[in-house]
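Shown next, in structure tokens, is the structure this report addresses.
Chain IDs A, B, C, D and E follow the sequence of writing; residue 1 opens each chain.
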Amino acid sequence: EPQAEVLHWWTSGGEARSVAVLQEQFAAEGGSWTDMPVAGGGGDAAMTALRARVLSGNAPTAVQLKGPAIQEWYEETGLADIGPVAEENGWEAVLPARIAEHMQCEGQWCAAPVNVHRVNWIWGNKQILDEHGIAMPTTWEEFNAAAETLKAAGVTPLAHGGQSWQDATVFETVVLGLGGPEFYQQALVDLDPQALNSDTMRQVFDQMRVIRGYVDDNFSGRDWNLATAMVMNGEAAFQIMGDWAKGEFLAADKQPGVDFVCAQTPGGGFLYNVDSFAFFNVDGDDRQQGQALLARLIMGEDFQKTFNLNKGSIPARTDVALDEFDDCARQSAEAMNAGAENGSLLPSYAHGMALRGAPAGAITDVVTAHFNSDMTSDEAVEQLANAVATAM
Amino acid sequence: MTSKAVTSNTMLRWGLYAVLILFALFYLMPLFVMLTTSLKSLEEIRTGSLLSLPRELTFAPWAEAWSSACAGTQCQGLRPFFWNSVLMAVPAVAISTIVGALNGYVFAQWRFRGANLFFAAILFGCFIPFQVVLLPMAQMLGLMGIAGTIPGLIFVHVIYGIGFTTLFFRNYYVTIPQELVRAAKVDGAGFFRIFFAIFLPLSLPIITVSVIWQFTQIWNDFLFGVSFSGPGSQPVTVALNNIVNSTTGVKAYNVDMAAAIIAAAPTLLVYVIAGKYFIRGLTAGSVKG
Amino acid sequence: MPILEIDHLQKAYGDTHILHDINISIEPGDFLVLVGPSGCGKSTLLNCIAGLEPITGGTIRIGGRDVTGVSPKDRDIAMVFQSYALYPTMSVARNITFGMQVRGVDKATQAAKLAEVARQLQIEPLLARKPGQLSGGQRQRVAMGRALVRDPKLFLFDEPLSNLDAKLRVSMRTEIKKLHQDLNASIVYVTHDQIEAMTLATKIVVMKGGVIQQIGTPAEIYNRPANMFVADFMGSPAMNLIPAQVRSEGDQTRIEIAREGAAPLVITDPVARQLPAEIVLGVRPEDIHEATGSAHLPGLAQGAGGEVMIEIVEPAGADTFAVTHLGGKPVTARLRAESAVRARAMFPLAFDLSKVSYFSPENGERLN
Amino acid sequence: MEWLERNVPKLVLAPSFVAILVFVYGFIAWTAWISLTRSRLMPRYEFEGIGQYERLFAAPRWDVAMDNLFIFGGLFIVISMVIGLMLAIFLDQRIRAEGVLRTVYLYPMALSLIVTGTAWKWILNPGLGIQATVRSWGFENFTFDWLIRPEMAIYTIVLAAVWQASGFVMALFLAGLRSVDTEIIRAAQVDGIPTHRIYSAIIIPTMAPIFLSAFIVLAHLAIKAFDLVIALTNGGPGYATDLPATYMYAMAFSRGDLGQAAASAMVMMMVIFAIVVPYLYSELRPRHDK
Amino acid sequence: MPILEIDHLQKAYGDTHILHDINISIEPGDFLVLVGPSGCGKSTLLNCIAGLEPITGGTIRIGGRDVTGVSPKDRDIAMVFQSYALYPTMSVARNITFGMQVRGVDKATQAAKLAEVARQLQIEPLLARKPGQLSGGQRQRVAMGRALVRDPKLFLFDEPLSNLDAKLRVSMRTEIKKLHQDLNASIVYVTHDQIEAMTLATKIVVMKGGVIQQIGTPAEIYNRPANMFVADFMGSPAMNLIPAQVRSEGDQTRIEIAREGAAPLVITDPVARQLPAEIVLGVRPEDIHEATGSAHLPGLAQGAGGEVMIEIVEPAGADTFAVTHLGGKPVTARLRAESAVRARAMFPLAFDLSKVSYFSPENGERLN
């Protein structure tokens, strides 16, 4: 009987419901699923638990992991080879190359993606925007202009939660928007010192400072879903957040295009955040079978569809029919395909897709310190370069 | 306590009571917020003020928190985890208290060369930050084959509880005259006989302190719980954290608060019931005035 | 055969030497009292005898058997402690029988012994109580009971009365004395109270700083103290130690004592003695008498005193104490309660020269 | 048999001895070693040098964490002691309902911040808690928004920490006051010393050992403070409320920078050492009683 | 004018009455000692006088002024406590001057007073030390110094010597006595030690259970105790209280005392007395003499004794105590150190009938 013990921190919003779907399917195939949710701190607690589990030689069969962390874990402890499942099911063909790369460790399949989140979304409250005659901004200048109008009218322009990853999310969309895909790649993926030290980067920080002015006073420590609720309830006009925010809108029975609008953040491009499961080396046939079964199910069209309908993201497989998905999702899928072609499909640094933990954390430290103080852009740029250099 | 330097001026006394009550309100505020929130409906929470009393009492959040709130894919409430905590805390408290009592007995009554140095070494262990020991401890638990189990958690709590329990018992037992041991030796009793027949029956106050202290520490622990538990052995604090961080649609604050109070109830109860002995024993056991 | 023989015993904690070359030997039925100021090592010596402290040199023999290194329970001793060391959570009965129980004595014997001892000490009504519910004197009895049931070769007592109030101390003292006579037991008894030592002992050991100063019967110690320390320590009020000058005159000894605001007091000892020029004259308060009425008492030579200025008079029931200054030191005389002595007036006092001690001011040793 | 009898006490201590040796000192040594390697996600054991310490001391965030430790620690200790002492003195004035008040002051010690964190967040949140409430009473200009101001947020941590620990300090002091010989107080009354002078000049100075105990307990809480920050601010805004313990945790578990975490842990340990060792010394030194 | 007048004083804690109708009056220069067993309310009474405890009835007048309700510091008193109650963190000098400092006395006066008191008590070398660095006797002196600088109308002492060892107690006692004589101060002094009471007091109050048993000079209390409690309490060893039968015979009184294993001892008091048939005969140990040698002593009538079986003999330096059984009670005689008395042998003893007390066995009151 296939066994799976799944360590994850999908405990919020539609996430839990989505995992439940997987669990049902797993059980339907005769497997026995042990749930090991560890919530809190954006996965910090889960990572603590994971490390303890691995060190004690008792790794879970499947772990929610993503981005370069997969490769990092592979280097540290090795991961199970799920190549046979991948080949049998032709994963290579249905996944965008850039995303498939994340699932492979030294050429071997070691993780299975469940979805693709687009991070660079901006959400708007339709009613407010209409009221003030504002269209969704396509450049940061437009955004600033719109925000000024709203501010003058006494509406909070941007709903934002004061957590460092949220600051980083806004930051990376600004980098992408002002610098373009190439600059983003250089600065936040390749960590090119020249790019980090450039004028463009200075402008990015300038824009961050401007944005800070559009956020209400109580943002500190606010969870992202509470910020989303502000947009929903008309307390704020915009929110810059990945498409998981849509899950909140939908859960509250809001209609896209009617109650709220979605648009790519000013400047376009596609920052992806792919959730995936990595498989650790485990003993025992039943557990290995469980891994294979789980991998197959995760990449199954069925699951990819149900899961992503729940979660607000889009399937990682490009061959899933999107009929049941909403406009925003379809827009996202198109952008992904387009991006895969023109090179604007980029990993989100803020969500751990682009960098390993240490440099990513170092950048976030600077971004959040800048955003939450009166640091000048020059200082920020200088600190950014230093932080990245020492964290390498 | 017959005569204290007591302020007698009436004005002053009123002021005194005012200050004392003000502080009492300050200390009670968070509990008040939790309690009232847990008794309100979600609707009322959204519309009302944080510090207001519930207009309409509802106990549904308590029921939900206990038996049906969701964490991850499971919706069993706190109940199974509560029992995990009980299964973990009771033996861990008992073992660390017994070990501490024996250690304290040796340190206080059977001194030998180097005993003081060793005692200092144990005491220093009380001050080690627990984050530091997570990873090597995980490794050790793996080696010992009790990783991810309740016995593993018990083991960890016992190890890091010994320092405090030893301190309590040692400081308590040094106040017992050495002549007692001597008399028993002349009577022919040995090490354990003396301990069980003479010292243990004397130890009620300090056992109370040790048990309260250890119980609060172990019951409230989150870090070890989240790191060293497996799927079947998560303690209530971890579950509470999962429930609070699991939101489906709207955040059910009332359920979160009810869950928090349920998770805290045993320690709260212990303090309210035995707090008096705790203070008394603490002065006997750990503080020298 | 001596019941207890201590031979060249040494005891040190690390580098601190607590006991120096102790040699003591007592016969069965002896009541040996160790007496000395606080911290002189009495308890340490007793603990060494009991085997509760390891010794660093010498041997201890109990009933002829070398017990050096033998554990306390095998030495055939019983001990009563200063704080009584009753087991606080056990009833009086269990306190007494606990030792037997540990040794595996059968129930019937335990009960019989308990009953016997309880009767002897008159603590039958207390047997069910806890020590916390007893008065000091009662506790003392229970501690004694615990020792009695052992029927040991040797009893050890460490200041068993010092926690009692003055009144109770006196009556318990008498009881211990009686017990000793009735049982004909061998006892080593520690106290720092010299009256206790005097009244109880058949043999006294006076210690100071871990060194034995004198061993002897109470009368020897009291009447012929070996040195000024013993002289001062034993007796209350203490022996008066008066600096004096000696003028030997043929078969007499003339002793001059400085007196404030008057010519020196001159005393003539009718015995010729080899004394240095400077001595310390030791005379007990009760050996200073009212010169008028008592001149006919034996040993009270003529010219053994004179008029002195009395400073303080303390009537104390049976006696009256009068304090004067001689040789720069306060000197106390113990007079009859009816004495006509008055404070701040001259009064004739005389020394009983048959009982006077002479000491060397240099080393404090006895000279006569 | 003889040997066994003589060595029972040591044998009884042996398991604890081994446990402490391995699980405290072994682990400290392990951490020290890791701090000298380039361990990232998982421990690696190749020796690297003191690079991690250089990085640590160069990191602005560590500076903030250390500064915060001193600000937080200093304020927390001083305020807790002042409040604890004040409440203890007040409670010592033959107060009615003393037992109830004592329990109320003490109960926070029973609760973990995991439990009260949310409530605290609300109370401190300007939009929900005290500020909103007071404003709703009509004081429109009342502000209490420390939680969201980077330069003030650390004080909210102090507030919550004081809330949790000051009752305990009160208990310590109360016990201390109760153990002062009543005859001393009577002597002072006969001597004509006014009540406040009796406290300030006579009673409080005799409680020096209790101050020391309280200081150690509080210092140890301050250095270990972790739940508090995680529950209230999670280090934010920015990393304005980071403390060494949270820094260490972040490095070890969210950054995958174990070497760095180990280096910070060692620095923490040294701070603890500097505070605890003198205390242990005074605690264990042979006492010459009055 | 009396310096202290206590009038119908009552003290209760809630429903527990601690002091019942206390009436005391002392003159300037008196040394009043309150004595009684532990818990009889001595400290409570002293605290009431000091104003440290509110009283529930009656009045207290100090120097003629009604001070009921006046706070301690305004009563013009100074107090020395059993535990000395020195301020532990202050130096000896500050301990002594702190009260003056608080009262705003100027520095120069403070220094002068300090110097004077320090000289008087010979504590000059200790002024810079902390109380913890002093011995018991030194602390006692400092506590006294703190009282002395106040120059009060009335000194109150609560068992100031009970924490000292026996030897030191005796010498401090003498010092206090001297101080009293030198200063001519008025003192109220609490103790439970009857010897202290006897030696120090000009006037003694014996208390029991919150009720005054007797007020009088030491001699009155010692020689004519008002009841059996006082008789038993004052004096050490205690007065022998021997149940006896009375046969009045004209102008004599025949008293029969049961003796174990022998015919009753018959004593003839040459005075005719109105006594009930059953009495308790009180006789102090020092009033029992060796019948042979002392028959000529005044007051020792013929037929005042006989041979008795001696059970225990306790030599105690200056005296020897002999214990026998009479009327079912142990009876102690205080004999000369040289006495030939032997344990377990018959010995002739005689009572000094001029000093004997008779008590009613029913209520314990004195009959003669």
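Quick note on the criterion: contacts are C-beta pairs under 8 Å (C-beta built on N, C-alpha and C of every residue); 3 or more make two chains touch, one makes a residue touch a chain.
Since this is a predicted model, take the numbers as computed values, not measurements.
Enquirer: Hopping along touching chains only, can you work out the least number of steps from chain B to chain D?
Expert: 1
Enquirer: Count the smallest number of chain-to-chain hops linking chain A with chain B, moving only between touching chains.
Expert: Minimum number of steps from chain A to chain B: 1.
Enquirer: Find the two chains joined by the most C-beta pairs in contact, please.
Expert: B-D
Enquirer: Centroid from C-alpha atoms only, then distance chain A to chain C, rounded to Å. What do you get?
Expert: Computed value for the inter-centroid distance: 92 Å.
Enquirer: Between chain C and chain E, what is the gap in Å from one C-alpha centre to the other?
Expert: Between these chains, centre-to-centre, one finds 25 Å.
Enquirer: Indicate the whole-number Å distance between the mean C-alpha point of chain B and the mean C-alpha point of chain E.
Expert: Measuring from centre to centre gives 56 Å for this pair.
Enquirer: How many angstrom lie between the centres of chain A and chain D, each centre taken as the mean Cα position?
Expert: 37
Enquirer: Pull out every residue in chain A that's touching 2 or more other chains.
Expert: In chain A, the residues touching two or more other chains are 48, 51, 55.
Enquirer: Where in chain B do residues touch two or more other chains at once?
Expert: If we look for residues of chain B contacting two or more partner chains, we find 2-3, 134-135, 137, 223, 241, 244.
Enquirer: Of all residues in chain D, which are in touch with two or more distinct other chains?
Expert: Only 5, 43, 186, 188-189, 249, 252 qualify.
Enquirer: Can you list the residues on chain A that touch chain D in the complex?
Expert: Its residues touching chain D are 41-44, 47-48, 51, 54-55, 69, 72-73, 76-77, 162-164, 167, 217-221, 356-358, 360-361, 365, 368-369, 371-373, 383, 386-387, 390-391.
Enquirer: Which bits of chain E are touching chain C when the two form their complex?
Expert: Its residues touching chain C are 38, 165-167, 170, 173-174, 177-178, 181, 192-195, 198-200, 218-219, 222, 234-238, 284-286, 311-312, 314-318, 321, 323, 330, 334, 337, 343.
Enquirer: Can you list the residues on chain B that touch chain C in the complex?
Expert: Residues 177, 179-180, 182-189, 193, 197-198, 201-202 of chain B touch chain C in their complex.
Enquirer: Where on chain A does chain B make contact in their complex?
Expert: My answer: residues 5, 8, 10-14, 16-17, 19-20, 23, 34-40, 45, 48-49, 51-53, 55-58, 225-226, 248, 251-252.
Enquirer: Of all residues in chain D, which touch chain E in the complex?
Expert: Per the touch definition, chain D meets chain E at residues 181, 183-184, 186-194, 197, 201-202, 205-206, 208, 290.
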